[in-house]
Amino acid sequence: MTRRPRILVINPNSNEAVTEGLRQAVKPLSYAEGPEIVCTTLAEGPFGIETQEHVDSLAIPLRRKIEATNDADAFVIACYSDPGIHVAREGTSRPVFGIAESGVLTALARAERFGVIAIKSRSIPRHLRYLRQMALMDRLAGERALEMSVAETATGDKTLERMIEIGRQLRDLDGAGAIVMGCAGMARHRKPLEEALGIPVIDPTQAAVTMAIGTIAVG
Amino acid sequence: MTRRPRILVINPNSNEAVTEGLRQAVKPLSYAEGPEIVCTTLAEGPFGIETQEHVDSLAIPLRRKIEATNDADAFVIACYSDPGIHVAREGTSRPVFGIAESGVLTALARAERFGVIAIKSRSIPRHLRYLRQMALMDRLAGERALEMSVAETATGDKTLERMIEIGRQLRDLDGAGAIVMGCAGMARHRKPLEEALGIPVIDPTQAAVTMAIGTIAVG
Amino acid sequence: MTRRPRILVINPNSNEAVTEGLRQAVKPLSYAEGPEIVCTTLAEGPFGIETQEHVDSLAIPLRRKIEATNDADAFVIACYSDPGIHVAREGTSRPVFGIAESGVLTALARAERFGVIAIKSRSIPRHLRYLRQMALMDRLAGERALEMSVAETATGDKTLERMIEIGRQLRDLDGAGAIVMGCAGMARHRKPLEEALGIPVIDPTQAAVTMAIGTIAVG
Amino acid sequence: MTRRPRILVINPNSNEAVTEGLRQAVKPLSYAEGPEIVCTTLAEGPFGIETQEHVDSLAIPLRRKIEATNDADAFVIACYSDPGIHVAREGTSRPVFGIAESGVLTALARAERFGVIAIKSRSIPRHLRYLRQMALMDRLAGERALEMSVAETATGDKTLERMIEIGRQLRDLDGAGAIVMGCAGMARHRKPLEEALGIPVIDPTQAAVTMAIGTIAVG
Amino acid sequence: MTRRPRILVINPNSNEAVTEGLRQAVKPLSYAEGPEIVCTTLAEGPFGIETQEHVDSLAIPLRRKIEATNDADAFVIACYSDPGIHVAREGTSRPVFGIAESGVLTALARAERFGVIAIKSRSIPRHLRYLRQMALMDRLAGERALEMSVAETATGDKTLERMIEIGRQLRDLDGAGAIVMGCAGMARHRKPLEEALGIPVIDPTQAAVTMAIGTIAVG
Amino acid sequence: MTRRPRILVINPNSNEAVTEGLRQAVKPLSYAEGPEIVCTTLAEGPFGIETQEHVDSLAIPLRRKIEATNDADAFVIACYSDPGIHVAREGTSRPVFGIAESGVLTALARAERFGVIAIKSRSIPRHLRYLRQMALMDRLAGERALEMSVAETATGDKTLERMIEIGRQLRDLDGAGAIVMGCAGMARHRKPLEEALGIPVIDPTQAAVTMAIGTIAVG
């Protein structure tokens, strides 16, 4: 392969502000000698991904997008429900990472038990079902929701404040030793949240891109 | 921090050839703009780590080594038994990665179920006990041993051949969809093994260094 | 409600012969005083459902079908991968049953451990992932495949013979005390298979329709 | 078989009012073309089944009753502790359903996690032990007790009110998405309870009779 | 309490030869200053305990026996199915030990994974169900049967030979690091079996009596 | 063996008062005809064992101590973190018991679910990790800490009072049916605590010594 290796990070919602947030998230992982990391927006995506319908409607478009992309060596599906991850993997021999999966696996390397900050509580049963599917429930301390809209978390000043509040509950009431931010758009809050809580905080997109880098580097 | 960030990869055995193998393993992950990755040999280590006694005798020396290292930002303990990982973590606020833990977690992002290639079968109960401790047994397809000495795997021509044989058993008889090489010194065999088996093969040192890079990058 | 209650059994593949097989399957459960059981073919379905792509491509069409159906009181998704079951449930307050889920749950009322006969081995990882998601792995004795095409199972004379052979392996080698037929089109083989094996055999469509009848009856 | 198939529902306590309640419970499942559903009282039973001694004293009488019954094609043991279920199954090739087992399995087809309403808290450890035996603990949201006597639940006006209160706790504090009524005599409260809670409520006797109907229909 | 403390070991079958075998089994645990250990035969017991019917028929007689025994401080139910253990515990505040439970718990202190030698394979599903109930399945290496009658094991010369054969299979094929003899009458074979296998062998009656001694001593 | 069998109970901390407490703990288990029970202090031990560093620093000294002890037939490591248990077992064919392991296993013979009283909450994650390693989490009701120093528990008058308070929380809030005292120095409080709580209380040293006695007696 003579071209520079490339990781394609796909924002499956159609909110360009989130894609821009992904670009900020992956910047620290972009090395001149390493793979190019390209963040893109899935045209077919809904503005926000809040329901099972949103999630399932994305599976085939994500598969198509990945099948049609010849110039990427690894893919990251950047939505905390990992939409279409299995069908995407079926459609390519190139590695596909889901940010929920990568985020949780990375948290397991940092603490005995992890907590998850969800945006809305209605997503929690879906997340727990996925953790059961991955057989990773035994080290979940708990998942708690901000109860904010995606829009609010993107723009509101109160987001970090609320995340610290929920993170403290996960740490102090549930016993979490690390926190996974259960959303694709929270990376800018990672460091201040970690500093406020004093325990590792994982941005799941950064976790997935890290795994993709490692896979490409040795490939 | 004005100095360049640094990951210290510690070979807890005193076999310099293994440390040299680690240097080769991490080379693809060494970016000019990324953290420096330094591989070192633990002076106190035995020549090979084959018993629980070897493993447990390393815990405190590893802790001391890490406590005494002021110029590293993350640590990798490069032995597939993750000696001293909990005591090392207790002794520093900087992240410490064990290659067994990182290797298995990374495999979980690549396949439904993973297999492990051990050097000797006497290590398998120890590895399984550790998987139970991490609550990661449910997705283990199986672990099988080369039944070679560490010396043989380091020097013998037959090592790759034997790894392919065992890898096929894990894939075909046990149902493994990805393979973790259960040893610190096998990185040079990763790619040919992956090509022979047609499923992802994880070198655990590379997996741990990858996680360390990701942690430092966003830190 | 003045009209007669109705269960809509949806064959998500477009093979009318399978739908006709479903009609035969549910006939013994059709009581004049009970709900009407209507079997229908999903127009959008592929001819056979053999891949994750097939499964995931059906989720939204099934949701739409269910949302657009005002004259049914319960739904059965008649494919052993339970395509779209969660998104379907999200879209209606009426009960939705998946035949894989109902088949396995019913088998758990008949034996300590159950076995599953799959059509093709490539479906088995998908089925196991779903069992993990349902937290029902602990009582699985095993899953084994006929390694026939859906077409062969539908028409070939050798199907029952092969099912008996695989069923015996599940019973004798894996310790299954009951068998779930892992396919929507096998109902006519249920009784001869049960007689040949001497242990309960569950047709999953009949299991799901039974649960639907019970739910409607008391509703 | 020329006679009409028959399901024998055995109330293992000697309280005829409970048996009468069972008759009301199964009425909606009685179809002219379906199996006859006969509810009977076990002569040897205690007036109420509240202790392990009550439960265990019923095992052999239930076995004898079933062995002596030639004119039934399936049996339902209508006590939420499923007394004698394994010994009964050993003694007949005809299917035997326990209402606790059937109730829980049916709830698993309706929600991610289920809650159980017990009559008295002293039964809860016994119920949990049984859930562990069935390997169905992972999806239990919780079990909470009315703390009423069987007599009170049978006659008191306050029963439904108390069930709604406990059901709300299971739903809101424990996260139950469906409720199993952990008693044989609560069927008349099923529908109002379901309406009050807005989530599926399972009467376990109806669940077991439903499974028995399905088994006989295809047999 | 001025009388000497007493442990009552109850053989729930009516085979006096087994009771005599229990007396030999507990002799090494009988200390002049320790509790008296009395072995007795349950009058109501069947000659051998081979079925669920045998097991369940013993629950209430064992409860009655224990309730009627005023001069014992702890009880051991000496049948590897632990008949009536929960109902017995409900009926007394004095500790009741089952030999299956004690045998398995003791094995867990001797090896990573244990194997069980059953007399007949028909008991294995019952034993596994009990292990599930105790939540102790995860460390079971396997259970294999001698396929001998209780009478044969009691008198035949070939018993030890066969136990060694099965024990080797558990050790070498299943990975057992300790063996539990799944029967009340095998104590005389414990030591030669342990010597032949080179791994710990647990006689479950001795394990239960040991726990009873410990409980009484500190009581 | 002509000398009297001997159990060596090793206090791995260097606090002689704790060793003296062990001597009191094992006195009720010392029979003239049984093994001699000798309690000794590990010279290398820290004054108290409160951290992972303390625990891991003891592994090799314990191994050496055991290897160097020719006149003991079984060993008990008397610290509730079971330091060095696996390396000790590797180094001898004589049985080695850890008090945490034995304490928990013994509690499992006394109640459905057990609770643990820790000295300090910082030990709880370490204890839980060990329970996960032993695959014994499923029956843990909870672990709660006294939040006292080892010194305070050894000397303070308030210790029993505080233990009763915590024991009541484990019993009433967490549902524990038996309590394990998570410390080597609490034996004198066992009986009054048991009387205050009305449920079995296990001193883990006594539990381990009991298992050692049983093993030696039949050996």
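For clarity, chains are labelled A, B, C, D, E and F in written order, and residue numbers in each chain start from 1.
Heads up, the rule we're going with is that a residue touches a chain if its C-beta (ideal position, glycine included) is under 8 Å from a C-beta of that chain, and two chains touch if they have at least 3 such contacts.
Bear in mind the structure is a predicted one, so any value in this text is a computation, not a measurement.
Common neighbours of chain C and chain E (chains touching each): B, D. When each chain is reduced to the average of its Cα atoms, C sits farthest from chain F. When the CA atoms of chain B are superposed on chain E, the rotation angle comes to 120 degrees (nearest 5).
By number of C-beta pairs in contact, A-B leads over the other of A-F and A-B. Remark: chain B and chain C have CA centroids separated by 44 Å (rounded to whole angstrom).
Centre-to-centre separation of chain C and chain D, using mean CA positions: 26 Å. With centres set at the average Cα position, the gap from chain D to chain E is 34 Å. Across the assembly, chain E contributes residues 129, 132, 134-135, 138 that each touch 2 or more other chains. Contacts between chains, counted with the stated touch criterion, involve the pairs A-B, A-C, A-D, A-F, B-C, B-E, B-F, C-D, C-E, D-E, D-F, E-F. Residue ranges on chain A touching chain B, taken from their complex, read 28-29, 31-34, 95, 97, 101-102, 105-106, 108-110, 134-136, 138-139, 187, 190-191, 200, 203, 206-207, 209-211, 213-215, 217-219. Residues 125, 128-129, 132, 137 of chain C touch chain B in their complex. Residues of chain F that touch chain D in their complex: 112-113, 138, 175, 177. Within the complex, the chain E residues that touch chain D are 51-53, 55-57, 59-60, 63, 84, 86-87, 90-91, 126, 129-130, 132-135.
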